[in-house]
Amino acid sequence: MYNKSLKELSASLRNKEISSVELSQYFLARIKHFDGDLNSVITSNEEVALSIAQQADKVIASGGGGLLTGIPLLHKDIFCTQGLRTSCGSKMLDNFVAPYTATAVNQLELAGAVMLGKTNMDEFAMGSSNETSFYGSVKNPWDLDTVPGGSSGGSAAAVAARLAPLASGTDTGGSIRQPAAFCGITGIKPTYGRVSRYGMIAFASSLDQGGAMAKSAEDAAIMLQAMSGFDEKDSTSVDKPVDDLLAGLGDSIKGLTIGLPKEFFTKDLDADIREKVEAAVDAMKSAGANIKEISLPNINLSVPAYYVVAPAECSANLSRFDGVRFGHRCESPKDLEDLYKRSRGEGFGDEVKRRIMIGAYVLSAGYYDAYYKKAQQVRRLIKQDFVEAFKEVDVIASATAPSVAFASGEKKGDPVSMYLSDIFTIGVNLAGLPGMSVPCGFVNNKPVGMQLIGNYFEEARLLNVAHQYQQLTDWHLAVPAGYEQEASA
Amino acid sequence: MSIQSEDVLKIAHLARLGIEPEQVESYASDLSNIMVLVEQMSQVDTSDIEPMAHPLDQSQRLRTDVVLESNQRDALQKNAPAIEDGLFLVPRVID
Amino acid sequence: MKWETVIGLEIHAQLATKSKIFSGASTAYGAEPNTQACAIDLGMPGTLPVLNEQAVRFAVKFGLAIGAHIAPYSVFARKNYFYPDLPKGYQTSQFDKPIVGLGQLDIEVGGETKTIGVTRAHLEEDAGKSLHEDYHGMTGIDLNRAGTPLLEIVSEPDMRSAAEAVAYVKKLHTLVQYLGICDGSMQEGSFRCDVNVSVRPVGQEEFGTRAEIKNLNSFRFIEKAIAHEVERQIDVIDSGGKVVQETRLYDANKDETRSMRSKEEANDYRYFPCPDLLPVEITSSLLDEMRDSLPELPAAKKQRFQQQYGLSAYDSEVLTTQRAMADYYEDAVNFSDGEAKLVANWVMGELSAALNQHNVDIVNSPVSAERLGGLVKRIADQTISGKIAKQVLELMWSSEHSADELIEREGLKQISDTGALEKMIDQLMADNMDQVEQFRAGKTKMIGFFVGQLMKQTQGKANPQELNKLLQSKLKE
């Protein structure tokens, strides 16, 4: 059951092989059974979920609904859910229950999906290892001594361990793709503006984008289809019809040109990972794709530019957490300054504080031009590089991350080395392009991800390439050892 | 650009972040390392490049001027740490 | 040493939109605390701003009215600082790319016209309010006002006296109301004024250090605060001190400015473009539409009143200060069949006095322009005298009747019938031969006695011109 595709699960629901209530209970049982080790789900929605599943069963019985009706899923705890705590992985919001629901969650709910709970994440989505959460770190089901990646590490680990068929994620610098790669699942971050940011707690507003995490490109396509679309509550949402992401999945990729940026295939790339990615590229070549080397001359500046833009935006975005209207408030503040400093000092963890401080620093008087403005200029250069590249190629391929999942604690004390684990993914956010990660093999029994980058609003083509690749390979079907068994009821 | 302890104290104050005195130095060292990474940007000449604040070249959509919200005070104040008579309470503000 | 005062002004005009600048919450004044502050106004996690179209249109209208450059693209920026009435920890404002660029406004002081530069005007959100009543030693925060659209209008340091500053503020106050973009209420805080004041020795080119005075909510306070602040600065310099750049509050009760007790370090607002909002594009079609929608502006109207109605500069100024009064005046002139000067006297005189006395705005005047025009028509055609007309106006104030109906009902029509008047004069002279003799002996002032007596007899209805003519000739016989 746990390894069935969405289409298969939906068919089972329609054939009455199983009800949505049973399916939800099945995955809730898996969460209870397996998540003690993983710590991927931090809030359960069991009661409400089962009543929604009941509704879904009625819809299905009456012949209504769609592919997602009655399908259980998990949401990253960055999406506000009315009536269910939204913590963003932070002590700051440990007691926060939003009186509204994020648009993306709402759309999935309207499509009939059943939210089982909320997944763990790096605090305020700041991290690449899921070690900065107030609720403790998440473990990688492929090796409990390694990290699942971040910041959507809870969602990635949960899907990898088959605790839910689908989970939402958000991606500011690689936070869907890198954990998808580390956990051996498929994750897609669409074009900036494709999925509404309303109700998604902001980290860096011009980079944040919600997306889908699933076992396969096909499942991710179904989920992303429901999440996408124009939202008048989000000024940066794009008023453009959403393509049919499923219709073209089966198209041949013959004649498509796939670009390999030479800057991503240097000797610095781990040789084993390079081999897996090249093998994946060969597979696509055998399916008729043309392969072409390209150059993204300024891409090596994406991490430096990102660590100005993202902290600058986050430093302002997180100012609203001041202990006045919601969130953590310190005990008996003696004056206003004390209220602010202690509430924020106690409510935020170290990494969040570091980024707020970097942001305040690069925006402060005398440094704006040297850092913030410079980063915005570099950002344009990076975008232009991609725009040029997409004149020659349809899709760009690379490794998703420079390494496989690293050991827990390995980079915790070294922010810069942690930041560099997003070296291949960050440029995509700066440019606002769609990107995804698909499993393409294993190194030392740890999954390797291939990143695919598409042109603006070409999610359908990206998913088509990924799906065709997954027709040729079955890396995406691999389940970590120990999790193939059924949960004891 | 090396960030000193006094810089940390200054920006922590700007950002109203309480930090433990014994952590100031380690923040200074972390932030300095991050700024070394950031400094790599100076490799490229950007003098003629227009700064880019948004990934897409779009302009702001405008909302029709109609009142859509009704009073939701009770629901919105459920998360508030201190309220009285519908007001959010803070330590006395002196102008 | 002779000193010169240099003044620049920052005006915050609340824009008269129905909803807030970035949310759909109401902007109505005076609601229960926090009942008009929605999730977006509270800066709740995950909420996002969407810009109000009307606020943009109002800003453009203002820009066009002062002949300013309207930026084809303007940008919202975040101004970062912590304060409990600022929910997001930043104010969404405009910084280096405001919607309205350089424009100008003419003021008249002491019969001279002077052009004041308007540096810029930009859109921003208002903050909430801190209530300092004692809540167990705490301050209460009401965020109803948070997110109300403001147009901040910044002048050049072009004013050289308190009188010029007040003239400029009044001019702007009139203008924003003319445009219908701000209700102009200074009491409710819809129109707020911060003044930058400095002094320098006459002849010196560079500016002195300025102080900013906040909390000025009436024209009179602006004038007094500037006068006081100038005196204070000159005292400081004369006694060997230096003026420091600071924000001062005007205390109307003590008539003095005092330094704001603020521990705040030199502010570092860390402005940067707001990533939640995109550049605001003003298309040429919107510009055209706004240009076409501009009403006749005060200066043009004033000039037209002088030419079209033959009014003095002073009367035209008074009548055009409020758009509603100008409209009332023109309506009344029409209904009076063109008695422009007489209507002007009545609007500025009796009507304004009555409105003031009852504390009623002219838009809500119980006596409509049509009825006032009808009244003036009867003065002009001598149906009633001015004195009787005052009585009629009083009756009109508390009834729905026209002047004609009231004149008829109360029998107030003027007696111009020469025969009837002659008869009364003859009788009066016969009864008061002493006074007649005195007049004839040269005491011509005695005519007043006869006029008074006859007016008394006719309850004021005697046509004064006719009466005077008849008396003159009869007494001299």
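Letters A, B and C name the chains as they come in the text, with residue numbers starting at 1 for each one.
Following the convention adopted for this analysis, a residue touches a chain if its C-beta (ideal position, glycine included) is under 8 Å from a C-beta of that chain, and two chains touch if they have at least 3 such contacts.
This structure is a prediction, so every number in the text was calculated from the model and none was measured.
Participant: Specify the chain pair with the maximum number of C-beta contact pairs.
Facilitator: More C-beta pairs are in contact between A-B than between any other chains.
Participant: Going by average Cα coordinates, which chain is farthest removed from chain C?
Facilitator: The most remote chain is A.
Participant: For chain A and chain B, what's the span in angstrom between their mean Cα positions?
Facilitator: 23
Participant: With centres defined as the mean C-alpha position, give me the chain A-chain C separation in Å.
Facilitator: That gives a centre separation of 57 Å.
Participant: How many angstrom lie between the CA centroids of chain B and chain C, rounded to a whole number?
Facilitator: Those two chain centres are 41 Å apart.
Participant: Where does chain C touch two or more other chains at once, residue-wise?
Facilitator: 39, 42, 44, 50-51, 82, 84, 141, 268, 270, 275, 277-278
Participant: Enumerate the residues of chain B that touch no fewer than two other chains.
Facilitator: Touching at least two other chains: 14, 16, 53-54, 58, 60-61, 63, 72, 76-77, 82, 88, 90-93.
Participant: Going through chain A residue by residue, note those that touch at least 2 other chains and give them in order.
Facilitator: If we look for residues of chain A contacting two or more partner chains, we find 96, 99, 206, 232, 235-236, 315, 319, 322, 324-326, 336, 340, 360, 364.
Participant: Quick check on the complex: what are the chain B residues that touch chain A?
Facilitator: 3, 7-8, 11-12, 14-19, 27, 30-31, 33-44, 46, 49-56, 58, 60-61, 63, 72, 75-82, 88, 90-93
Participant: Of all residues in chain C, which touch chain A in the complex?
Facilitator: My answer: residues 39, 42-51, 78, 80, 82, 84, 87-90, 141, 268, 270-272, 275-278.
Participant: Considering only the defined contacts, which chain C positions touch chain B in the complex?
Facilitator: Going by the criterion above, the answer is residues 17-19, 23-26, 32-39, 42, 44, 50-56, 73, 75, 82, 84, 130-132, 135, 137-143, 249, 260-262, 265, 268, 270, 273, 275, 277-281.
Participant: Taking the complex as given, what residues does chain A use to touch chain C?
Facilitator: 79-80, 86, 88, 93, 96, 98-100, 102, 197-202, 204-206, 232-236, 312-313, 315-316, 318-322, 324-326, 336, 340, 360, 363-365, 368, 372
Participant: Could you please specify the touching residues of chain A with respect to chain B in the complex?
Facilitator: Going by the criterion above, the answer is residues 95-97, 99, 192-193, 206-207, 232, 235-236, 238-239, 298, 300-301, 303-305, 307-308, 315, 319, 322-327, 329, 333-342, 344-346, 348, 353-354, 356-362, 364, 371, 373-381, 383, 415-416, 419, 430-433, 456.
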